């Protein structure tokens, strides 16, 4: 339940009165709004003393509280050292699928930076379908990635797979990434809720919009509001020609329901390099506030997912078109 | 199987030799290419006399023949009285969901024409989920629709539901439309294959890309090559906030596999007017060669599907943005 | 809206008063129950004179009227010349996918009859994904099928694809079948609503339960209440090992919502003969009131869908197990 | 790649020669069979010395190695203190969704044991969609659960959500359970691969059969072959009347591809208690080797998922029917 009060002061006062010290059902305040987690009804008696200050009681907002636009109407804007994410800003996150070597990630970083990327992506811990596939270079990968980001003055984003690795990865990265297979790894989400660092949360392959917002809420409930939601394609009945089905509708839907930035990953949605550009442009035209893209200078030799990697040249062309589409839809 | 020959003459000669007069497995010729329907292997002996003229034998093309780019590499461009569809052209098809009255469809036609539409859409036979919902105004609707199109010098497109109505609808319309629920109504597709008039073929809610191409092939096999494919959203696990899931990936995929024009209907994909624009722009950014849009001056009073109708003003704004996105992606 | 009256007489009286002569929104009566099609609210004034006779006004029944258990609480039982379908009865419909010859369908009929089938299935008009696949033997097939059914004293069920063929097929068959691709071919459903003959209505590949009930309602609204619903597998993200996903849940769900018999087709659900038995037994354990099964004495030479055909011996084994499972779940 | 050798000795010899000491691509031996993880081709030269002992080289087995029937043809049978799982044995796992109190779990345990269950289920760590829902009683829950199991001489199975809890849960439980949302939490699977204790692995909501087998392989690759696969309903377009779509086909498919026991959870598939029985019986008729069922004496007051809980009486009736169906299908 969300209660809109006359002003911030009134909100603080009511919140204090309502606070139940129940860790499962906390009371949140944002400006003149109060969010009552897990509460669907409230006694009139409880509001009696504050009656004149209550503007509106909203019970039919979507499932989550802190992630709801009804609780937090204005866009969340996240500032990292080298990037601004959300609102009218647009961000490119690009880089290799996995960190292959210090030289390679640096080389790739230079290329994507030239095309406009400010965030260097790359995986050190890779969630592979088979245990017999390359699982990533681990801490060595993190180190190489960090070094490249520092050299280039870019932000670093990398995936985290295990609650036990949160502190390790935290030592290196600027932005955590939670992958599609872990979107409902609630232990991991809770652990990231304790960190004061942005988290890119990828939508699960069969996660509904509400599932995604609730997953974000796990992070937010812990106190970390720097959340970036990512649409990356869902699983449907048709996957012969593309790996997943980019659900572009999710982008405007999410933007209407939540204040968190919404970005897209057309590399994983497409799964085939020749469709990464049109699908990426579609996401941007639908309102995505950023794009994550996998690149590789020699896609056929990539350790992971080469088939979907753009070459640096292809990425530059995509980035140019993205900027033009951004202008076109304003 | 598709056989590429040295030149058109050689293709004609081989085709004559191969022709089996089997109505189920016809032999098609397009320029220097031969399409052997339903044939996966061919005796070397059959090709022996023509060996020197054979450039390539393609067996791994996608399921259909006439619809395949391997058979017909260049874009099909369809010309109606007032429109050019396909290739680098872009077409707006717009109008009310159902034809409500002669005055109303004319009024709506004026509005969409002002915004750039050359094709006036409207339903006289409505495929409704429930038998107790308004089923359309039938032949009266066709007449009013025809009259409005003539007055405005626009093309008319309308849905056909029943093989028994093909000749009736043919008397009025410029373009037939086959709806999502009839995409595999093979009797209807065959009947339209006998007509010399464009057909808009909407993708079925759970039709794969291959299903859609095979449905098109039913029309093409009958001799009618004026086919326009339409992506209109598929059915997935998530339909709380939108009616369907617009599968933008299908657009570049189809354009790579087939030469027929590919357009999109973001009204039915969204199901909610506020998402019709971003989803429509996404389809255009993905490469759609046209957009079909439902409009209504008083959406709340529309006979059918008012929730997803744009007002004329909203449609004008969409059309303007579409033109800008088209420029942006070139 | 469904209104339960004190008794049949009261229902007839109120129905007469309410009848609007609106063909789209008819008033139905079944025993002491009135179904008001397409009506969600009713003026108290309209019920005023009959107030004492009204037991209950049901507005939250599922979408359809005549197909609803709230309108027709007891099971519909359909009697054909040789079979009883519905209620506690169980029916086997079996035979070849397509009618290949008079001899072959007779042979297959003998085999399935020995195993307990009373209804001989077979297709004369085949809905094939590709126009270049065998399309069925047409009227010759119908004749052979009829002859075999007569010889064996079995009922005949065959698929109808085209409204123009309804009278032709009607001359031969005992039971019409509407296939998955035509479940929402409303023109066809309406035409069958005018016949006084059972219709097997197969669920569409992506049809919801409500879609299926509304499709049945198209037949029922026309006056034909002899409807048999069939679950045959839906389209999902996983179709590597089976052709479709048998949705066994649909069986008890449908039986709770509607009074029409619910049967299952595990041949098309499986798509592979070795899974036809376990999936068929699952459907029976879930409460299916009949099973449709494809058989062939030489599956590899079958004109259509040989991969999923059981041999007569396999069918006999399945039928024996089905009878045992039926007993087990009572 | 799987290589079948003449005998066990020959297999050991070849395995020794092939062993690459590559932790990502280990060499496994089972009786006379060798599994080469992540290997798709092998030099003839490498086999030259053992040529006469090679019976068959299988390259087209499904993705995983240790989980493949081609590597391990006979059923895996898992023995716990009080249960035998797999082969021709059938196991009931039942109990409350969450452990509410020591008294309650003991009470529920008594009830399910009377009906034939040997394994007592219950959650101490609950994966809830919302962070504001009850998250389980944690270690107190584990203790109460353990105590009840000991008192009743039953096995205990409980869900594990976090790699950091593996050792804690290991102190209490007899069988680990990995839930649908963690099926591809590879860090957790690897951690469980290090334990010498059975693991129930629930299929992810949109996991393909191959995904599930590969997830199992993560556990197996670590050395733990006591894996029990569970079908619990997948996510499809239709979820109005049931929570998920029980994919019964997966059961015979899995049994044909892998040697691990395959069980089903009809409580989560149904989501509504009245459909738990028919869907459960369907799973058993399809060949499931066990059933997991949620029960509660006062479903409406259950802490979690009361809507889908059977009462002890309902469970007893289900268990009786299950035993009869088991006999029926033999």
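Going in written order, the chains are labelled A, B, C and D, and every chain counts its residues from 1.
Simple rule for what comes next: a residue touches a chain if its C-beta (ideal position, glycine included) is under 8 Å from a C-beta of that chain, and two chains touch if they have at least 3 such contacts.
In this text, all values refer to a predicted model and were calculated from it rather than measured experimentally.
The chains in contact with chain A and with chain B alike are C, D. Centroid analysis (C-alpha atoms only) places C farthest from chain A. Note on chain placement: the centre of chain B and the centre of chain C lie 32 Å apart, centres being C-alpha means.
Rounded to whole angstrom, the centroid-to-centroid distance between chain C and chain D, based on C-alpha atoms, equals 36 Å.
One simple way to say how far apart two chains are is to compare their mean CA positions; for chain B and chain D this gives 47 Å.
In chain B, the residues that reach two or more other chains under the touch definition are 206, 210, 235-237. Put simply, chain D touches chain A in their complex at residues 24-26, 37-38, 63-65, 127-135, 161-165, 181-182, 184-188, 190, 204-206, 210-211, 214, 217-218, 221, 235.
Across the complex, chain D meets chain C through its residues 206, 208-210, 233-234, 236-238, 240-242, 245-253, 256-257, 269-270, 274-275, 278-279, 281-287, 321, 324-325, 327-329. Contact residues of chain C toward chain A in the complex are 206, 235-237, 239.
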